[in-house]
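Chain nomenclature is as follows: A, B and C, assigned in order of appearance, with residue numbering initiated at 1 for each chain independently.
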Amino acid sequence: MVEFIREMRQGLIVRTPVVIVASDFWDDYYQAVMEGVVLSRAPQARIVRFPLQERFNVVAAAWALMCSLDYFPRGSVFLVVVDPGVGTERKPIAMRFGHYFYVGPDNGIPYPLARRVDNNVEIVEIEPRNAISATFHGRDLFAPVAGEIAKKLLVQDPEDILLAEFGNEVSGLKKLEIKRVGLGERGIIVYIDVFGNVITNISGSILEGTHCEVSIGGQSFEMSFHRTFEEGEEKKPFIIKGSCDTFEIVRKQGNAARAFPRIQVGSPIMIEAKS
Amino acid sequence: MVEFIREMRQGLIVRTPVVIVASDFWDDYYQAVMEGVVLSRAPQARIVRFPLQERFNVVAAAWALMCSLDYFPRGSVFLVVVDPGVGTERKPIAMRFGHYFYVGPDNGIPYPLARRVDNNVEIVEIEPRNAISATFHGRDLFAPVAGEIAKKLLVQDPEDILLAEFGNEVSGLKKLEIKRVGLGERGIIVYIDVFGNVITNISGSILEGTHCEVSIGGQSFEMSFHRTFEEGEEKKPFIIKGSCDTFEIVRKQGNAARAFPRIQVGSPIMIEAKS
Amino acid sequence: MVEFIREMRQGLIVRTPVVIVASDFWDDYYQAVMEGVVLSRAPQARIVRFPLQERFNVVAAAWALMCSLDYFPRGSVFLVVVDPGVGTERKPIAMRFGHYFYVGPDNGIPYPLARRVDNNVEIVEIEPRNAISATFHGRDLFAPVAGEIAKKLLVQDPEDILLAEFGNEVSGLKKLEIKRVGLGERGIIVYIDVFGNVITNISGSILEGTHCEVSIGGQSFEMSFHRTFEEGEEKKPFIIKGSCDTFEIVRKQGNAARAFPRIQVGSPIMIEAKS
């Protein structure tokens, strides 16, 4: 009992599941409504807003999540609503992958997340329990399930939570491969962030100051590699190794994406070091 | 006692009041300051940010709140600061309506909220307890009261909370009628969301694929009704039934509002189904 | 024990440290990642997002923080990542100033914060404990320390927390003076907010309706002083006393900054009352 009270005082007992609410409408009140639905079921949850710059873009969303997972605590629930196909045939799912959960459409986004943990995955197709709108499954279908999972996490370990009550098990996921490639290989733009940094899935090792040939949008550009933003040239796009350990085209305190108006997430890109 | 400890362990006892902070400046640090004021008084509160796309617009704010209330838990406190008249004669109020609370200016926004619960409403005019600025009542006048109410909610039921300590009771509210109308009736634009969806207060029943005549901005357009975004035409505005059960003019992965540059929240609109 | 249980029931015991996450990338998922890192270490923390409108701007960030500190509870941790020099020589620091904490780069922002409390300041240079990226110290270096401090705050008073475990003590801070000046003195623009209000560091007392001469961008303009937005002229810039008790150039439900396209944060400005 004394031990228990000490733990209480230290705030170690009351579990606080984290629910990450990722959407492409984080800047409107719809995001708040989903958060309200989660908190109605699990008032102890911690909500983290996960703003996605690209709207309707499953590649960008999947990339952002892949690069972020490891920074969230065990048992985190990712409620992900980037859902241009809302109300149509894509499956609404709840998925446990390792000690994390994904709730959202099966539209490609969950595929690379599940791949990270291989066999330790359980997926169910969510069965609606109540009337749902045709246009806001985030509120009517996904947030309630995310909230229920968060509630279970108050007293259960992530691995012990069964998803069967939310629907029938399904085996496959819609495929969306986002692999890392090397220098000299054909990669793609995977995200364009709020600074205008153009992020690729290309990884590798380049020496500071090395010149590179960057093929993008049907053209080739020479750019230098720099370790940090500060060390780069003024007003010219250059290359850095970004926070997800892949190359990015950036500008010092400026917007690199604007220099390449025709590119977008999904555009092919290749980088070759030239000395 | 054993029961109590079990409940503690399950996190069922520590109440966590939800304070929804709705403003038209959610994208600047002023929003954070209001949240700091609430948490200074009620550190256990859960804050939900409620971003409003339209600035200075009481109709849009009232609509967004009306469509969202039911998704928030009993005892939620809505701290609403859309306040172009800050520092002038509009009354600062705290209001209990049913098992919810509103704290903010009496500028039309609380009227339709109070109407939803009819007689079960208590309103007081907030009396400043300290020096307040002329330009940021959200921080100096409203957030402190929202925080105090949240603190009371830790140990009291919403219905038992008395607002008399914040000021004298007032009876009326500034009128702002936002009624739903039917097909063929004169409605208005009530919100334009972050996707550019143009939301009306018009409700009714239309069959999938039906052609409609939409009168807006002094012109008439023919549009089809579709159940979902995916089922709609490419690059052309069409009509769906939105998440608040009213019609919206939308474009598939595009911005419908930009096709009608002269319309805004408040503009009249009429929709007639032509079969 | 009875007392303890009553306190528990009232939620008074479980401490909930507030971590304010201020960044110039609050509108992208990087912000969420920092919050995940904090919650991984201190799941009981309350996160407040502190959005900064100006990117790469240490003056604007410092001003916003200076005007906000007092509204956050004792023991608040300010995790501040406005960091154009990331990966270069600026020192990463953790600082206790009075009963608050700052974690972020020593790039000028902490200087005016420390000045507010004079001698009651402890500063350490953060020593990395793990591999860190060259471009996202917010995630790899600062958020972990902010989370560790928040965890300590669950059981310790702010004044009792020692920062020595995070690195060696340093004495000085990079200097950034942002002083308030008076009418007729040379001030600067310190922030341009989301409404387009142009905020200065000029304070003083002017009577309602007084005409002023405003020197800005090499030109002089006549503007009137008004107490509130509502009382100002339509469509014309005028002056109010803002929420940080300094003068601002504003427009009624409009964007004043757009009327002065050449000014920016740091631009000199002078205001003289003409009666």
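As a convention for this text, contacts are C-beta pairs under 8 Å (C-beta built on N, C-alpha and C of every residue); 3 or more make two chains touch, one makes a residue touch a chain.
All values derive from a computational prediction rather than experimental measurement.
Listed here as common contacts of subunit B and subunit C: A. The copies subunit A and subunit C differ by a rotation of 120 degrees on their C-alpha atoms, rounded to the nearest 5.
Mean C-alpha positions place subunit A and subunit B at a centre distance of 28 Å. Counting partner chains per residue, subunit A shows two or more touched chains at residues 8, 14-16, 27, 49.
Across the complex, subunit B is touched by residues 4, 8, 13-16, 25-33, 35-37, 39-40, 43-44, 47, 49, 55-56, 84-88, 133-136, 139, 154-155 of subunit A. Subunit B contributes residues 5, 8-11, 14-16, 18, 20, 22, 27, 46, 48-53, 64, 67-68, 71-73, 76, 193-195, 227-231, 240-243, 245, 253 to its touches with subunit A in the complex.
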